[in-house]
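In the two assemblies presented below, subunit A is common to both, partnered first by subunit B and then by subunit C.
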Partner chain A sequence: MRDRLAGLLLAAVVALAPIPAKAQAYTAPRTVDGQPDLQGIWQVRSSPDKDLEKAKGLIVEPKNGKIPYQPAALAQKKQNEKNSASADPLNKCYMPGVPRLNLLAYPLQIFQTADEVAIAYEYIHNWRNVYLKRNKHLEAIDFWQGDSIGHWEGDTLVVDVADLNDQTWFDKAGDFHSDALHVTERYTRTGPDTLRYEATIEDPKTFTMPWKISVDLHRSTQPNARLLEYECHYLADLAAAKKATK
Partner chain B sequence: MKIKFAVLAGAAGMLFSALPVLAHHSFAAEFDATKPVTVKGTVTKMDWVNPHSHLRFDVKAEDGTIEHWSAECLPPNGLYRQGWNRNTIKGGEEVTVTGFKAKDGSNYMWTQTIVTADGRRLLSGSPEGLGGPTAPPAPPQP
Partner chain C sequence: MRNGLLNSLVAAAVSAVLIVAASPAFGQEPPAGGPPGRGAAGRGGRGGRGPALPPPGPVPRAADGHPNMSGYWNAGNNGGAVFEVQKHPIARPGFGAGNGAIVDPPDGMIPYQPWAAEKAKDNFEHHLADEPELHCYMSGLPNQMYRQFGFQILQPAGYVAMNWEFMHSYRIIPTDNRPHALPASTKLFQGDSVGHWEDDTLVVDTTNLNDRTWLDSAGNVHTDQMHVVERFTMVNDRTINYEATMEDPKAFTKPWKIAFPLNRNMQPNYEQMEFACIEGNQDTEHYLESAGGKVKGK
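Up next is the complex of A and B:
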């Protein structure tokens, strides 16, 4: 009897092990439509944008925390890193792409309806519409932030992002991808003021296997928290500012 | 004619620990991190523009000529979260601006702190992003 009980307990522990303990312990409140409520203003506490591989605990797969580049792609990454000051797409005020947009030191705000989850970003007025009632991506087209189709798996919003272009990087360290990039995001409330963000990144032209990041977004709890205005038109602005000093 | 400005070398070591990290353009490409400067001048205008606000000020050279300077500050969102508003610095105020000078030698700089004549020390550049959860709360809105 005792052995049987121990066996059952062990089986239960094994069965639960792959699920993060925190994620299952918290049940998100519901929206008026009955969806898990992800709404609010959220932001990473410490932006990993400088170098994803150096952000502690960010890359959860593979276990070594390294982005699994194919040899030629690794050489390109190193070249990118060397030229980051001029070559980083963000230094040209380009849109960041996914998942970089979620990892910057700027807040984002989530809104929900029965049919869509909308994400507004302070960073250069980006927004994304995650369509919950569509099942097919737009064909033969690329966008900086791709095309997002979502569904609910329990309390987790799962977003399939396709139609991404090959112009964006993942961070300042030159980590990059091709136009074969496909990102699967998972948004899970893990507490009243925390939202776990996970992204599985696949690109058979660049990587030897899919890799995955996981990071907590924190709710802005300040009384007057809101997105403010931020835009980027750097080169013209810099030229004008310098001219004025002459 | 080469004009001497009231440019004082800052304490280099002190500032290296807090090099600004910019999200939209490269600090390293534009500014010389080995040349911290402190410049004293008179504010002519504060431009609240993206992706950086600019503090424009005039520096009087030893021979009496006036040189126009511009200092890159956080954009309006970042300054607001640091407690700034449009009354924080006004035209005509004497300021001491600390930061790093442009690599191309122009009278252009990235600024980290601005000290006003009445002794207020204002954070004008952030070492990490623009208003993370550690930033002070925005002032109450009317």
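Up next is the complex of A and C:
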């Protein structure tokens, strides 16, 4: 209980701090391979998916909390926002891309081996492999979830995500990017039940400068916790069938 | 890019071009010692190409002493179970003949109750476009284990996790002796799996399966009362003997069992690619209206 409370307080302090607070007060346990252990079932407490800019404290750079769009891109974002109900790729049950996958109101589970970190998502059974033993991105190919290669910096897992396509959005508010998107993620344990998630987002075709988000993921501490299934397209099919028979 | 286009190709491979898949080349064992490669059966399939490999080595061990099954694997079923899990000795349009994967009962057939046999027949004759995979639903059990493109096993402490290239389906199997903890009313495509080790065999017990999956592409069925017990026995560094026993008091007259090897993908530095499924999915458009699809009948 006390740990929990301390974790909450820490999360609150961290969320308010413009510069990520030092997390060295907590040392993560180790896996059998000696890596910081990030394993568990994690989820954001309050999903910022409605609008990243309106999620308090989420965008930590630039300081004004605004996504630094180039003028033409800003016009496009506004258009997207207007058409969000039909144009948001998530409303077609498409893969959310990075970092949106980590920010949804559904849990994810992290697994670690010596060679890779894998992330399983409850949301439409998405899965990511973060390769720790490869140091070059694949060439001439792009993916909805990108190509993820990772390394450890102290207790932080740093994941370099490239080869992303231009089909995904960042949120329901129409925030978007081009296929020049490059995301650097940082995963750091800040307590027994908290995992700091930071993502630096660069896209020279869309933004005037890199911008950065920071949010805490919280561990599911229920005994025997497991991911369930959120099969968006199956639910959509069910709804369509129901409508058709009316 | 693994996108809708490729998916359509996959659909074509799975449906229209089944004749190719059911030809002798598909069903053959790879040459002795030959690796599963990227051959005619598709990426991660069993091409049998590549240099000869040294003979199999001993079972690798994880830190906890259990067999370490980490790596990439392909279902070594030669009976075309993905097309039809039971014996299908007579070729039908789009479905070549094959022996399936059933080892018990000895006739190789699903011991259906009459209604379920009728339902399966109706699926095959009229509803092939309703195949759950064409709509990007996860395959459920045991179908998932003989789906194409291979899968990866990760074995961190306390878990065996499997992920398939095909539709990024996955299974997460805790091995910490936890009980089934979901209420009986919670139904999942992949069910609730719990595992434990019996010597060198991983035994996986799966409940809470829904009734939305088929057993194969031919429309074989089960209900949400199905209970599956699987046994993964690693016998050398590149072979896992796989068995699964299915019980379903609402659909079958008795339990039945399948068996086939899982063969390690020996390709160095192999990685799975992203398989987008619903993104641009046009699978059902390849099917005639008479089979529930969108192509106009002749």
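The rule we apply is simple: the second predicted complex is superposed on the first by the 214 of 246 C-alpha atoms of A that agree within 3 Å, B and C clash if a C-alpha of one lies under 4 Å from a C-alpha of the other, contacts with A are read in each partner's own complex, and residues count from 1 in each chain.
One rule holds for everything that comes next: a contact is a pair of C-beta atoms (placed from the backbone, for glycine too) under 8 Å apart; a residue touches a chain by one contact, two chains touch by 3 or more.
All figures in this text were calculated on a predicted structure; none of them were measured in a lab.
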Looking at A:Gln109, would you say it contacts subunit B, subunit C, both, or neither? Reply first, second, both or neither. second
Have a look at where A:Glu53 lands relative to subunit B and subunit C in the superposition and call it first, second, both or neither. neither
Pick one for A:Tyr131: touches subunit B only (first), subunit C only (second), both, or neither. second
Once chain A of both complexes is superposed, is A:Ala120 in touch with subunit B (first), subunit C (second), both, or neither? second
After superposition on the shared chain, which partner residues are touched by A:Asp216: those of subunit B (first), subunit C (second), both, or neither? neither
Now for A:Cys93: first (subunit B), second (subunit C), both, or neither, which partner does it touch? both
Kindly classify A:Glu229 by the partners it touches after superposition: subunit B alone (first), subunit C alone (second), both, or neither? both
Of the partners subunit B and subunit C, which touch A:Asp160 in the superposed model: first, second, both, neither? neither
Is A:Thr245 touching anything from subunit B or subunit C once the two structures are fitted on A? First, second, both or neither. first
Show me the subunit A residues, by the header's touch rule, that subunit B contacts in one structure and subunit C contacts in the other. 93, 124, 223-224, 226, 228-229, 231, 233-234, 237
In the complex, go through subunit B and note every residue touching subunit A. 21, 23-26, 28-30, 49-52, 54, 56, 67-70, 72, 75-77, 80-81, 102, 104, 106-108, 128-133, 137-141
In their shared complex, at which residues does subunit A touch subunit B? 43-47, 49-50, 84-86, 88, 90-91, 93, 104-107, 122-124, 218, 220, 222-226, 228-234, 237-238, 241-242, 244-246
For the subunit C and subunit A complex, residues of the former touching the latter: 1-2, 63, 70, 135-138, 152, 154-157, 159, 161, 163, 167-170, 172, 174, 178-179, 181-182, 186, 188-190, 192, 212, 271-274, 276, 278-279
Subunit A - residues contacting subunit C, complex: 31-32, 39, 92-95, 109, 111-113, 116, 118, 120, 124-127, 129, 131, 141-145, 165, 167, 223-224, 226-229, 231, 233-234, 237
